[in-house]
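Letters A, B and C name the chains as they come in the text, with residue numbers starting at 1 for each one.
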Amino acid sequence: MTTLDAGTVAEDRVAVASNWRLVWWRFRRHHLAMLSAVLLIGLYVVVLMPDFFATQDPERTDARQAFIPVQMVHLFDDGKLAPWVPAIAGKRNPVTLRMEWTTDKQRKVPIRFFAPGHRWRVLGLFETNLHLIAPADPTQRIFLLGSDRLGRDQWSRIMHGTQTSMTVGLVAVALSVILGVVLGGISGYVGGKTDQVIQRVIELLQSVPTIPIWLALSAALPRDWTPTEIFFAITVILSLVGWTTLGREVRGRFLALREEDFVLAARLAGCSQMRIILRHMVPTFLSHIIATSSLAIPVMIINETSLSFLGLGIRPPAISWGVLLQEAQNIQTLALAPWLLIPGLVVIVAVLAFNLVGDGLRDAADPYSQ
Amino acid sequence: MTRYILRRLALLPLLMVVYSFVIFVIIQAPPGDFLTAYVATLASSGSSMSAEQVQALRQQYGLDQPMIVQYVLWLQHLLHGDFGLSLEYQRPNADLIGEQLGLTLALALFSLVLTWVIAVPAGIYSATHPRSWGDHALTVINYVGVATPNFMLALILMWIAFAYFDISVTGLFSPEFADAPWSLARVLDLLGHIWLPALVLGIAGTARLSRIMRANLLDELNKPYVVTARAKGMKEWRLVLRYPVRLAFNPLVSTIGWYLPLLFSGSLIVATVMNLPNIGPLLLRALVNQDMYLAGGILLIYSFLTVLGTLLSDILLALIDPRIRVEG
Amino acid sequence: MTPLLSVRDLRVSFALDEGLVRAVDGTSFDVMPGQVLGVVGESGCGKSVTMRAILQLIERPGRITSGEIRFRRRDGDNAVDIARLPPRGPEMRDIRGGEIALIPQEPMAAFSPVHTVGDQVIEAILLHGHRWQEGGRRLRRAEARDITVGLFRDVGISMPEQRIDAFSWQLSGGLRQRAMIAMALSCKPRLLIADEPTTAIDVTTQAQVLALLRDLQARYNTAIIFITHDLGVIAQMASYVVVMYLGRVMEQGPVDDIFHNPRHPYTKALLRSIPSLHGATRVALPVISGALPHPFNRPPGCPFHPRCPDAMARCAAAIPSLQPVAAHQLASCFLHHDQAEPA
């Protein structure tokens, strides 16, 4: 009898739960999606304060410290908690005249957590010199993920690249959502000629290869713009082409909902147009829009990375994942310093996480859509 | 059916006019015109041009006219097959594009075929063995495939080939065939090289397509007509291939509509990274150097190819699906 | 007379994430050659699953856990146990379509929309036709097409030569079901399973289809298992009735005995819920109290006892077995006998 009671209690709990609570319950069951969500939250913490995670100034160059390999963090020394990284020993190759580096595990460079390093501003508000990881000796440079051809620290640069690339994805999708919901909503709710025009525009945009158009648009940006201006222009360009999928979807929902009884009921009850749209129609597919947009972010990230990699997206001195990967364009360099591919792995992991979260959200928001 | 195709064909020129206008606006957008860029290029190489010469050229190309007149002039030239002259190469754009177009198409089509050859059987396997180890493994591969940018995959493969096997996987031909005239040996050499870039280009599409195939087929396998066919006493694999696969396949054909643009987009990047003869890298150079009519020509070719591809896929869909053929 | 099909203590269960659902839980009945057997019960009582089991068409996660389905094949004296045959093996495929055919519920969904109806019937003939040809000769496609045209004419489809090349969605509901019947009859089966063949079509067409089935049955002397929740249809079609509830047989017997002298409280309740033309019009139609239990929460003892007006203490403790209660009638109810199923 107790199991039966427990069953009905559970059923009652489900019966009174709000839609958001139900979505959350279903989402929680996707373990991979939950794990990915935690990872994404971590990445957005990096977005908020990349300097806290960086070990040094990402722009600091030193030609004598080019192509230094990865210095792996070791937590324990002689069984005691005393984090260190192996020291770097360099020798010039007499034939190629290149510096060749090796890590020397015998010589340990001690590092500390939550230790002082270079100065930075928290959210542009106040100054601090606190870092997650810093060498015990502030004059020493450590390269957790190696260095590039100019001797810049890749770890610190990835932290700053994360800030740019993740923000581009988010802002571009936010703009796409606004465009998609407004235009798709008008298209679906008004119908008629307006709908026809918007649908043709969507078809036009969807049937051209996007990368060439993006490239052409961003090639049209004035050369003398600041990195910030370029950054915003790129996000606008990405979203100008990217809103169509969402627009289609919102239109479809509006068309379907227009015929629903509860909308008719609201109309008969004398609700205003605006109230019907905002209070009755939008909430029924809001969770769906959120799921769709979370699946659009990784697409934007891949596009930004591709554009920047080709040299027509975010431009140096701004740092993004794509900008970092420009360093990996040369195969000879890559054979010498394979760690330059690491930003690409970060891209893959981030995109994977977004896709898993998006799929999890979609399944949770719309359990019958499968 | 014939009426449907004719209607679509009639719409094609109209669509191309709209595209050409949008493209013209985009290539016009950079500050200055291509003569200012040209003069700057000349200056940087040490030679120069008199103001009269510049003025004459400007008149010849109609650059002193309002934009709409320039557009009409461009369109007129296009209609006569004249894509203009490339500033950087000092050669007709039509020749430049023509040289690379064949191999561009070859790469895209080869990749399309490869995608389908891999994605359809993988999707069928996944759907007929749901939750098996094979299905789970394919799911993982699909997720990673979608998450990996084309150029990243190209870089990794090139690096592995170079660093560990000491071979170069760039280009579409071995050195001895690079500039050779067409022959059977050259075609075989091309086939020996093209599969890797085609695979790199198709990986994300393959992943997406096999997911779609899996979902469609899972849907179809639950339909009553499958039970009917089983109750007839058909062999299971024959039945699956003849009925549900056939039905799951139809919506897949309509994916060509979005897959072709994706292929051309991707081929631009892959061709740039892997140094392939392709109009993609040509476009990239043209954009960077403000070689505007070359860029415009290539953009127009891309649009034309995708519109044509979508049209062909719609016709194909109508041919294989009686529900569309009879009603449409 | 030896039965054509004999189902004994059949059990089918579905292993779902939420638990084990015992959809068929110890069902037994016989079908005689040429007999029309009606199977009635509310939806979800295991009628369709039982029929799928007879064709070995239970899909994962379901499976036949125990019991026998003995079927006497055309050329054999001894019956084969279908429950032991591999579902995808050659012998099972010979029986399916060749000796036991199915008329499914929804003729619209039961045809593939991208193949012509004729194509789908011809395919069935090509699969089995050689077994009633002299020397087992394989039929040619043109021959199969001619046979199909003849079949279409037999089931009352006008202009069969044209209709054979139509797609199912181009035909009316009645024509679709006729085409389905043609397909089922195409290989001269000895047993036809009609799974609610008239639920999805309108009432006038329904009457025509039933008349057609009766006519064909008389002509070919095919045994039919007729599944329905409509007792009126049973009265028209069947000579023998099996009443099912929650995967078990509650009562079975000749159609007149069941209708005029029902023994099981469930059968009585079912019959009471039929509207009558002659009864008082202002009386509310009696309903069976309570709802069908959730499949995960099967009641212990007799499955019907929570809703039974005559339930006794014993009904909740033990499951009554199916026993003779009159000359030709069997029922599983402690009101009529005290034989329980072995625990």
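Assume a residue touches a chain if its C-beta (ideal position, glycine included) is under 8 Å from a C-beta of that chain, and two chains touch if they have at least 3 such contacts.
It should be emphasised that the depicted structure is a prediction, and the values quoted were computed from it without experimental measurement.
Student: Name the shape of the chain contact graph, picking from line, ring, star, complete and other.
Tutor: Shape of the chain contacts: a line, open at both ends.
Student: Out of every possible chain pairing, which has the most C-beta contacts?
Tutor: After tallying contacts for each pair, the winner is A-B.
Student: How many angstrom lie between the centres of chain A and chain C, each centre taken as the mean Cα position?
Tutor: For chain A versus chain C, the centre distance works out to 57 Å.
Student: If you average the CA atoms of chain A and of chain B, how far apart do the two points sit, in angstrom?
Tutor: 27
Student: Mind pulling the chain A residues that touch 2 or more other chains?
Tutor: Within chain A, no residue touches at least two other chains.
Student: Chain B touches which residues of chain A in the complex?
Tutor: Residues in contact with chain B: 204, 206-213, 215-217, 219-220, 222, 298, 302, 305-306, 309-312, 325, 328-329, 331-332, 334-335, 338, 341, 344, 347-349, 351-352, 355-356, 370.
Student: How about chain B: which of its residues touch chain A in the complex?
Tutor: 15, 18-19, 22-23, 26-27, 29-31, 143-144, 146-152, 155-156, 158-159, 162-163, 168, 170, 215, 257-258, 260-266, 268-269, 272-273, 280, 283-284, 287-288, 290, 295, 298-299, 302-303, 306-307, 310
Student: Please name which positions on chain B make contact with chain C in the complex.
Tutor: By the definition above, chain B touches chain C via 223-225, 227-236, 243, 246-247, 250, 320-323, 326.
Student: Under the stated contact criterion, what part of chain C meets chain B in this complex?
Tutor: So the residues of chain C in touch with chain B come to 52, 55, 57, 88, 92-98, 101-102, 104-106, 109-115, 120, 123-124, 127-128, 167, 169-170, 180, 183.
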